[in-house]
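Here subunit A shows up in two complexes: once beside subunit B, once beside subunit C.
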Partner chain A sequence: MADVMAESEADVAVVGGGPSGLHAALVLARGGLSVVLLDESDTLGGQYYKRRAEQLTAAFGDFRPRGTELIRQVRAAGVDCRTGTLVWGAEDAGRTLFTSDVHTGALGRMSTRATLAATGAYERSLPFPGWTLPGVVTPGFALHLATMDRVPVGSRVVLAGTGPFLLPVACALLEVGVRIEALVELNHPYRPSASVVGGALRQPARLAEAARYLLTLARHGVRVEQGARVLAAYGDTQVTAVDIAGADGSVRRVETDALCVGFGFRPSTELPRLLGCRTQADPTGTEQLPVVDGDGATSVDGLYVAGDCAGIAGVHAAGVRGQLAAHAILRRLAPEPAPMRVAGLRRRARALNRFAALADRLYPLPAMADIPDDTQVCRCEGVSAGQIRQAAATGWNDLHGTKAATRAGMGPCQGRECGHIVAALAGRGEAESFAARMPVRPLPMTATVEGQEVP
Partner chain B sequence: MSTSPLPETVTVTIDGTPSQAWAGQSVTAALVTAGIWPLRRNPVNGQLRGPFCGMGVCLECEVTINGRPGSRSCTAHVTDGMDIRTHTEPLPTAAHG
Partner chain C sequence: MTQPDVVVIGAGILGASTAFHLAERGYRVVVLERGAPNREGSGTTAGNLHIQAIHTRRPGQEVPVDSARLLPLQRRASDHWSQIEERLDTDVELRRGGGFMVAETAAQEEELREKHEWERRAGIPTEVLTGDEARKQLPLLSDRVRAASWCPLDGYANPLLITPAYLAAARRLGAELHAFTPVTGIRRVGDDYKVLSGDRSWTAPVVVNTAGPWITEISALAGIHISMSPVAIQMHVTVRVPPVMHHLVQHIGEGMSVKQVSAGNLLIGGGWPAAELDMAGRSTISVPSMAGNLAQAGRILPFLGDLRLLRMWAGPLAATPDEMPVIGEVPGHRGFFVAGGTYAFTLAPVWGDTLGRQIAGEPPADPVDDLGPGRLLYDATAPVSP
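Showing the complex of A and B:
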């Protein structure tokens, strides 16, 4: 292990090896720039193009071969792919990045001429009584178990929350033999009124995708219960039962081995916020998003964002946004920028953004006011909704004061699970976020001790 | 799906008990397959916790892997002979209720 930070440089650093970062890195490298692609994971692909392990691919086939092909092209184009590398800090408008090897803790400092944050998203969870019980998981966790590992999350499973993502998760669970006891959708998206269907008709491919999932579910006798929600989970050492409130207000108890609950996705914006880029409230009003132009340029000169980090819009938008940002960086840095036709990409990006806005209207979030006082909000520090409300009511009437008073958001996950909830419970109406600070991800102690030079 | 044979089975040890898993599976998958959901205690309130996000964000699935504590089981992959330790014994004293 090195005693000092290993120095390196490149024209462009792309942070995040998911669909957006991969598409961007490919365009940048083909345009003649030296590109470093950094990802905390040991394999490229991000969450959508997550790689099945070699041995499992040999037995079960390639999961999402388009991802395999994209990664092959990125490597062939000469992109310096640094997996297992965490970007935990940045300064100088993103032209300096601080990294850490996730296995050895070895620290690095990278100098660039431009940086693209393609850091993606994670799932949005909302607390309810019993949500910290083992066996209560995110839908994404159940999906990865089913698709990557070929392991059912349970024999009998309840899947709940809101959003289009619940449908592919349900289908993946069926494929590994799970019995879905209930599929509980908070909203009524699958009988949309004429006004919202208009928007969807411009994206027939996306509509067909949802229809295919619904057909698969119907074939397995799984009904999407709309307007319903999970009230509480019960169990001693792990979840064994769930209370579900139906659209008519009736409550029933369902026995289950696992409960998967998710409410869409939250953009992972720590890096651009750390660098001080201008932000604005996202459509849910619970997040701060980087303000970007049509190509992903932020208010910080030389810092770009693409993919879900710029606002949740899914894999297709991520690819298009990554390419647009890459073309913008090429126009700025490439020695001989080739004339690029980006008008088509911009049109496609706008259409996909409209479709994302439609999804926001179809799957609104529930009111945080409904979270019972004794429900834990901050999983790490064990802080309840009541404690947060009380702190906010007794003078700590903003997010940061409430955090200091209760420790909510100060645990190892750094508020990634609870930040949006604490903000909603303690905020003063406008969307707020915990400040992004270095290290933006937890670092092993060995890294800070041996690096010596941590700023 | 493919007609290829199943992946190579390897042996891991979970809290001293041998268990079978496929090489390359996530460690969380090996634990779930073995029916082991509680992995640790929350250090503040002593509650049992298990894997939650599955993508390295929540840190609820930390176990000791081959002697290295604080290893996220969701991002670690099974290898032959891997030693996995959970930490579900009650805390000596809970910090507060």
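Showing the complex of A and C:
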């Protein structure tokens, strides 16, 4: 065992090198603690401050230079940045983390005095007939292609789903020459009721951002169709058409070569749930969120969460939450904590949380009950909504039993993609989700097998 | 049905098999399950059908199994499993691809030969192969395999399918299943037992306690004190790969079992201890056990090193203090039966059949008197020794 895993230690491990983890690591290192920042991908930045490849940066310029500067500061502050390092397990309230080198499979065990999970979020996909066709992708994937590689996801694109994220994606697609055939928003967020507008007006910067996107779209003649949704995608080897139901109930067929569809984001909470922290249902009622205090401390002593992992609130909240959690850890661990003013950060966090709550009200999810029986829900194992409903209807299966009976959630994504949908279709009323288990990602076995003891 | 002939407590594989065998005999059966059926040890086990002698020890296991004693029962189990899909009229991914038990040292090879002799006497076909002969059959075996015993009857059934299949068949024969119905009391009423779950109750002359790790707890409700030594063990499963191996591979040294299941995943186990047995929730896996089990499996089957580990889980094993199964009527408590203990998965059809015969007053197909619960009874009023 000891020879299998390389041992290391640090005062604090920050898991996730996105905006939240970067801000936290910076505060922690400047506060005098030894900090290890771990990220599964080969570059820091997470999704928002994603790095362009060198040649592309040379050709098209730096992507979000604020991220470049933040990463530079983090490195300059002496943070031990371990990219390409997957945290696949944890125990002992997060004071032991198990890691794997994503390239070599080499295993590591890290001992810490506190751990901050800043593991971000996934895009939320919801099944509909045809959603597994090639050419049906998430908005985030289309954005990645457009911003990192300057590659259009298709030439005639339909963008659909719900959430404020659809707007920047649409603008980025236009920039790389995509023709947007339709921009379909399930809800009516852009002609909201007076009460909602009142809440939004307290966030002028966020409103200006949305207005800027809407203006760009208008300039390109792209109209946001509100109250509309994609019913189905068609094609033999690739999506070629989609049916769109308008707000008035009319259905029209649109030809397309790429359908980007997403329903906001879901927190990536495996690590805190694995460590047994107390959770509560998120505003959508489909996810279990770690219960945290104002600074991100969980019910597990020494374990903190920040960023979207603590509830979807976007990049600005991520930075603020990361700093707040870092200050809380400093108060706990730093030998001589300098007096710090966190009141302003806390005020900012509360305001951003209110804005996130507003977004939750503006962009509610569609009912899972609408998913047709013959639509595949678990694409790894090929399990349909009907099969899941049927297993649940026996009355003796809980969520785990439904998984066992159907294999839904047993594939290589470990239920990350479909778990919330299976829970909604099969749950027995109480909020349930698939248990978080080690390894939180499929783990290369090279090292465990090579590190064998000989009898 | 509030006055059935038999109340079965626990809807794991033993309760399900017993319910089926009793229903098939025409008994009116009610099965009570505290949570979801097949949720605990029966649904988390490896699904191995052990027909060659069980001679490996779980890492950390102190008392060895009396392997030779169990062989006639395994021989019987083999026959039951051969007919099971037909009998239950369903697919349980049954596979009888045969199994190797490998040895790496001269001492282990000697154990293989000793075991082979017992198997021969019990009428179980096995042969001891040299390492090269074994590798000829299964080239994935490493050069470290010095010898291996081969049994064509070893196999696998999907643990997620067999218990539900038994329950479905029992229900077709009129049995009732009440999930999420924890037993809260058992009272003697005349010659009957009144089994309570909150304000609901069922009264029957016969109770079968197949509650696995909770056998002690359920028996105590009836004033019966049975010692069990439940532990939690863990399993490891890789991502799916195309079919490469249709055998069960075990190690005669420390616990190891590897096979590829119908879906394509490789399942690696062998009874390595989990970090903690949690009777109230899910037990936590142990990373040192993972490392130990995978290193050992990779030493015998090096191709595993190219795969990815997809999941791990831990589940309870209802072991007895002497590591032998327990089955039969509790002495002094007419109509109160218990079945449990190790290797319950392989032996489940035999135990269901045995209980069916015992409850009907017939002798079992193979003698099991020495496996009765009398040996596990203790005096709950005696002071606990340190």
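Throughout what follows, the second predicted complex is superposed on the first by the 443 of 455 C-alpha atoms of A that agree within 3 Å, B and C clash if a C-alpha of one lies under 4 Å from a C-alpha of the other, contacts with A are read in each partner's own complex, and residues count from 1 in each chain.
Going forward, contacts are C-beta pairs under 8 Å (C-beta built on N, C-alpha and C of every residue); 3 or more make two chains touch, one makes a residue touch a chain.
Nothing here was measured: the structure is a model prediction, and the numbers come from that model.
By the touch criterion defined above, A:Asp243 reaches neither subunit B nor subunit C. By the touch criterion defined above, A:Glu225 lies against neither subunit B nor subunit C after alignment on the C-alpha atoms of chain A. Applying the stated contact rule after C-alpha superposition, one finds that A:Glu209 touches neither subunit B nor subunit C.
Of the two partner chains, subunit B and subunit C are each touched by A:Pro442. Contact with subunit B, but none with subunit C, is seen for A:Val153 once the two complexes are overlaid on the shared chain. By the touch criterion defined above, A:Met5 reaches subunit C but does not reach subunit B. Of the two partner chains placed by the overlay, only subunit B lies in contact with A:Gln55; subunit C stays clear of it. When both complexes are overlaid on chain A, the residue A:Gly140 reaches subunit B alone and has no touch with subunit C. When the two structures are aligned on the shared chain, A:Gly395 is found in touch with subunit C, with no touch to subunit B.
Under the contact criterion defined above, the residues of subunit A that touch both subunit B in one complex and subunit C in the other are 381, 411-412, 442, 444. Looking at the complex, you find that subunit B touches subunit A at residues 1-2, 4-8, 22-26, 28-29, 32-33, 37-39, 42, 44-45, 47-60, 70, 74-75, 77.
Taken together, the subunit A residues at the contact with subunit C in this complex read 1, 4-5, 89, 91, 98, 107, 381, 395-398, 400-401, 404-405, 407, 410-412, 414, 435, 437-439, 442-446, 448-455.
Put simply, subunit C touches subunit A in their complex at residues 11, 33, 35-39, 43, 104-105, 160, 164, 177, 179-180, 238-240, 253, 263, 275, 282, 284-285, 287-288, 290-292, 294-299, 302, 304-313.
If you check the complex, the residues on subunit A that touch subunit B are 40-42, 47, 52-56, 58-61, 122-123, 125, 132-138, 140-142, 144-145, 148-151, 153, 237-238, 379-382, 411-413, 416-417, 442, 444.
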